[in-house]
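Each in structure tokens, the structures are laid out below.
Two complexes are shown next, each including subunit A; its partner changes from subunit B in the first to subunit C in the second.
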Partner chain A sequence: MKEPYEMKRCDKTILKVEHLKKYFNTQKGTVRAVDDISFNVFKGETLAIVGESGSGKTTTANVILGRYTATEGSVFYKSIEIGSISLTMRPIWLRREIQVVFQDPATSLNPKKTVKDIIETAIKIHYPQLNKYERIEKMLELLGYVGLTEDHLFKLPGELGGGERQLVALARALATNPTLLILDEPTSSLDVSAQSRILVTLLNIQKNKDLTYILITHDLAVVKNISHRINVMYLGKIVETATTYEIFTKALHPYTQMLLSSIPTISEEESKILPKRVEPRGEVPSAINPPSGCRFSSRCPFAIDICTKREPLLEEVITDHFVACHLVNKNV
Partner chain B sequence: MSHTQRKLSFILEKEKEMKIERLRRAWFRFKKSKLALTGFLLFSTLLVMAIFAEFVTPYPKHAETYVDFKARFRPPDLNHLFGTDHLGRDIFTRVVFGFRLAFLMIGIVISIVLPVGTVLGLLAGYYKGKWLDYSIMRAADMFVSIPPLVLALSICAILEPNIVNAMIAVTLMWWPWYTRMVYSMTSALRDEPYVWAARALGVRDINIMFREILPNILGPILTKATLDAAWVILIGATISFLGLGAQPPTPDLGTMISEYMVYFPQYWWMIIGPTLGIAILIMSFNLLGDGLRDVFAGE
Partner chain C sequence: MSDLVFDANRLLTVKNLYVKYKSYWYIYHVLNDISINVGLGEKIGIIGESGAGKTTLLKSILQVLPINGKITSGEIFYRDVNLLKCSKQILLEIRRKRVGMIFQDPLAALNPVFTIKDHLLEVLRYANETANIDKSDLINIALDLLRDTLIPDPERILNSYPFQLSGGMRQRIVIAMALASARELLLADEPTTNLDVTIQAQILKLIGELVEKRGLSMILISHALGLIRKMTERVYVMYGGNIIEEAPTFKLFNEPLHPYTQLLFKTAPKILEPLSSVELRGNPLDYRNLPNGCVFHPRCPYGDSEVCRKVKPHQVKVEKDRTVYCHIYGS
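Right after this comes the complex of A and B.
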């Protein structure tokens, strides 16, 4: 686990999400994928967004990337509002600065293009002044960052292993020299050995290039290893925000405790570290018709009267530790 | 030349090698199927025969206006492989010249329909839900809703009945099918993660269409074009057979069949030649198309 991460108040805020809402209109009704969330991302940190499927974490990432535009609220990148601009409308400098690595490298790399063509596309756009020799030099440099060699240059994605493919996707994202990298479940489609290779590479690159990561994942083991801060999301809401150390040692929200206690362990020592088992009731409710009051109230084992009546607000209970839970907030 | 430069040019050379290697593998997949290979050999033989028709046929003069009443209605023998017709012309010669016309028709129709249909389909599929999609696809629907033969016949009847107008008719009725196929494939691929990754990199729409999406749908397009070439021959022959395509004495396979039909069944061998010609041409395209499909499926 990472050392306790001191959140520096003077840290430069690179991305600011304010009261972001993203609703989708479907035949069954309005899906409130993301419902009024706010958070900041500081330069050089890794912010993890964790939660079960349907918690809105990928939607949040897609709004930041520009795949969707926000229904309400705003996303400020370096004090420019980008939440309402779709990706195709964004200027080229902005696209250069926010890059993405998708979940499944089998579909995020064009199956008909060689690794060289894939990376060259990015280089041609962002470094138009380079000639073909300089472009190759640049490509080799990028492949070097992610631990690949020139032997991979002329292979098709189908001829590479899963881990290597994801590294190529990473090299492509780095080709534009971005400031903010959105990692959308970068390891969940890979086998365990490939996962560790990706994580180590990500850590090294962050150290060398002062990159900011937004890591979307449901895998708490990954989060524990590389992120500085964690946003826990449930049904379109942020329920807890704290540093990784705080979350893993002093999780306050029952949902976070539930997530943590469901991590599989292999030894007794490990299971001692885990918080005591919190058994949830039922399944994740539909985002079309979320429970009134606290959204977790329908599954929370500690729910009391007020939980179904009033929505808890995200409040700072300890320094830099925000929780949205009536039980916790009352105690403070 | 410095060390790094030598390394870089070595890498560029290696790229060329890899491209050749990929072609070699595609050829290997193609020739694995004996039928596809047969189709390819048949196709190339017919093509060579058609191109050098003047040199491979015994009586090149018989292709045009030529009359020799002494030699009319001769049954097949070694001098006249398919016999002679009512004007004493060698039918084999005329069939080979008929191939030339058929290939010309396919060539011209494909070289118009393939690019036009593909580009329109890409545009409509990529801008799905926009006005461009609606205007292109509704136009395609309009052409599709008219029965193909009626459309072809009316065009040939309004304009002059000749081979050029027959080609125009076939082109007009064929492009919507391409556009529809490309449209459905493009609209399926436009939300693939690699297309979004390209957008995130700042690739322009036009380049996304032609460099990201097109390579992934090129296989089915080419396969369909080859298989449909057989269909073009058939429809061309039908138009000619009905007397609205190539006019005699032009050696067109469909026209020949309609001309020689009159003498059936007394001089039955006369229609064997052109009929066999059409059949073998269509078979070669079908086998070739199947082989191409295997090549693209194996990638």
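Right after this comes the complex of A and C.
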């Protein structure tokens, strides 16, 4: 396995999420999509948020992006509170600095516009002082970053393969020189062969431009390869936070173990290193009426009395390894 | 079924199959000279990127190709019946009573204006056509199917609509529908692509158990390599509408032979190894005019030789149970 990532405490915290809550009111009741989560993102790192669908990963990202405003709690970006500012009210420098790459490039790129149009729009809005030739120059530079060439400029998204389309989406996000890039399942709609190209490109760009990534995914093999730290979310709560190395070597929360043991492995050695003791079962319960006490108690094979009565708190078990589970916290 | 004469060990044989799609201007040569066979009780996997022709192959077996698709030559034998030449009646009987298919997107496979009961009963009615069963019995069979697929509270589910169910639940319904008609062969077209990892693991376990319990043969299509490794006994690798390698699953995963398969395994994100920067060079295939010689040669790291560019590789038997279509192993 890779060398453990040493968390650099001295690193500047670029994003700080504090007691963030996001509720949606529906006819059936209040959906608690994100319920009181706190975490930090350090400059230059990749923080992965993993969990099943419905665990609140994308909602968290959307609050950071400003597509939703927080119900309660706050998001600090470089010590400015941004959680309560909606996208249209955000100053342009802020929008420039936080960018996003969406899951499915087939739907996030306009099929009637060429690659040039798609990238140029972002440059026109954020750098209006550039003239036509400077814009072209910048576009070629961007395409160079992501490993495309000028041949791609006048193509429509439909003429490109899935991997190349995602690279165009990435180039568009990079057009504004962001510092924080949110990657919302960047590889899950792609073929195996295209996935590694995207991931390698992402790693290289991070190295060259000192970007910070928040990676949202449920593919743990991808997480293992590019992220430094992992937040595991379940039903709107963070249940475990640790470095990638720690999660893959000694995952403590039963839910994390369940996620790990459900990875389909492609070789015998891989299956050996994954915990096999938690058989996946059940589905994510509704976020309108989450189970009382620990939210995972309804699916947890080790649940005891206290689990359904009291909600476990996220506590530091080992240095930089936080877990919210009665079973683990009791043993400490 | 008196017209069918049974052969003991082989369930399905596809021989030299060619399929073309026609659009307004162009002809797309989607399947070229495909030959596969499925034994009784055998679990077959087909790997390949999207656009390799995997789904088209399954659709041609059942002959449910889109209207612009046409099988131009080849033979498909189900036991001893040539599906391309047999009467409509026999084809329907095979579709209704012997072969079931799980489609990729469960939401698209279910009709939003009908309840789960309507869906299941329709399949069951045809599957038990001659058996003279009345409706209440059919409902009981439907409930049994839902219980088999581990659906909690089947009575309630039976009266709900597809949009009221979660993704995992919908996929279970689609599996139940496929099992209603699959008495011999189950065709599964990426059954877990749209699902979460934990649900995926559960669904796969379920399919595996049901196939085992009912003694079905299975063809499983996927581009997730880990899944194929877990579920199948023998694998075909497809690229550009051609089969390029065939091997028992464990041998293929230990040592892939064809350069394409090797690249595919190298590029898959792994847990133990760091990412490799190896990538397929060149452009995706253009099915309107496929390259001469080996279809993979423009993207193959060893594909610059004369013979790769001009001659279509023949079947090379590397071992008794392993074949590869590549000139490297020819000499």
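Note that the second predicted complex is superposed on the first by the 328 of 332 C-alpha atoms of A that agree within 3 Å, B and C clash if a C-alpha of one lies under 4 Å from a C-alpha of the other, contacts with A are read in each partner's own complex, and residues count from 1 in each chain.
Here, a residue touches a chain if its C-beta (ideal position, glycine included) is under 8 Å from a C-beta of that chain, and two chains touch if they have at least 3 such contacts.
Values in this document were obtained by computation on a predicted structure and should not be read as measured data.
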For the overlay on subunit A, clash or fit between subunit B and subunit C?
fit
Identify the partner contact of A:Leu199: answer first if only subunit B is touched, second if only subunit C is, both if each is, neither if none is.
second
Quick check for you: in the superposed arrangement, does A:Glu283 touch first (subunit B), second (subunit C), both or neither?
second
Going by the contact rule set out at the top, does A:Leu148 touch subunit B (first), subunit C (second), both, or neither?
neither
Is A:Val115 touching anything from subunit B or subunit C once the two structures are fitted on A? First, second, both or neither.
neither
Vertex at subunit A, arms to subunit B and subunit C: angle between C-alpha centres to the nearest 10°?
70
Figure out whether A:Leu87 sits in contact with subunit B (first) or subunit C (second), or with both, or with neither.
first
After the superposition on A, what does A:Ser262 contact: first (subunit B), second (subunit C), both or neither?
second
So, does A:Val222 touch the first partner subunit B, the second partner subunit C, both, or neither?
second
Subunit B versus subunit C - smallest C-alpha distance in the overlay, whole Å
9
Enumerate the contact residues on subunit B facing subunit A in the complex.
4-5, 8-9, 11-12, 14-15, 18, 192-194, 196-203, 205, 211-212, 215-216, 299
Subunit A residues touching subunit C in their complex are 1-2, 52-53, 161-162, 187, 191-193, 195-197, 199-200, 203, 218-222, 224-226, 248, 258-259, 261-267, 269-270, 273-274, 280-281, 283
Which of the residues in subunit C end up touching subunit A in this complex?
49-50, 166-169, 196-202, 204, 223-227, 229-230, 253, 263-265, 267-272, 274-280, 283-284
Which residues of subunit A touch subunit B in their complex?
65-67, 87-88, 92, 95-96, 98-100, 102-104, 107-114, 116, 121-122, 125-126, 132-133, 136-137, 150, 153-154, 158, 169, 172, 175-176
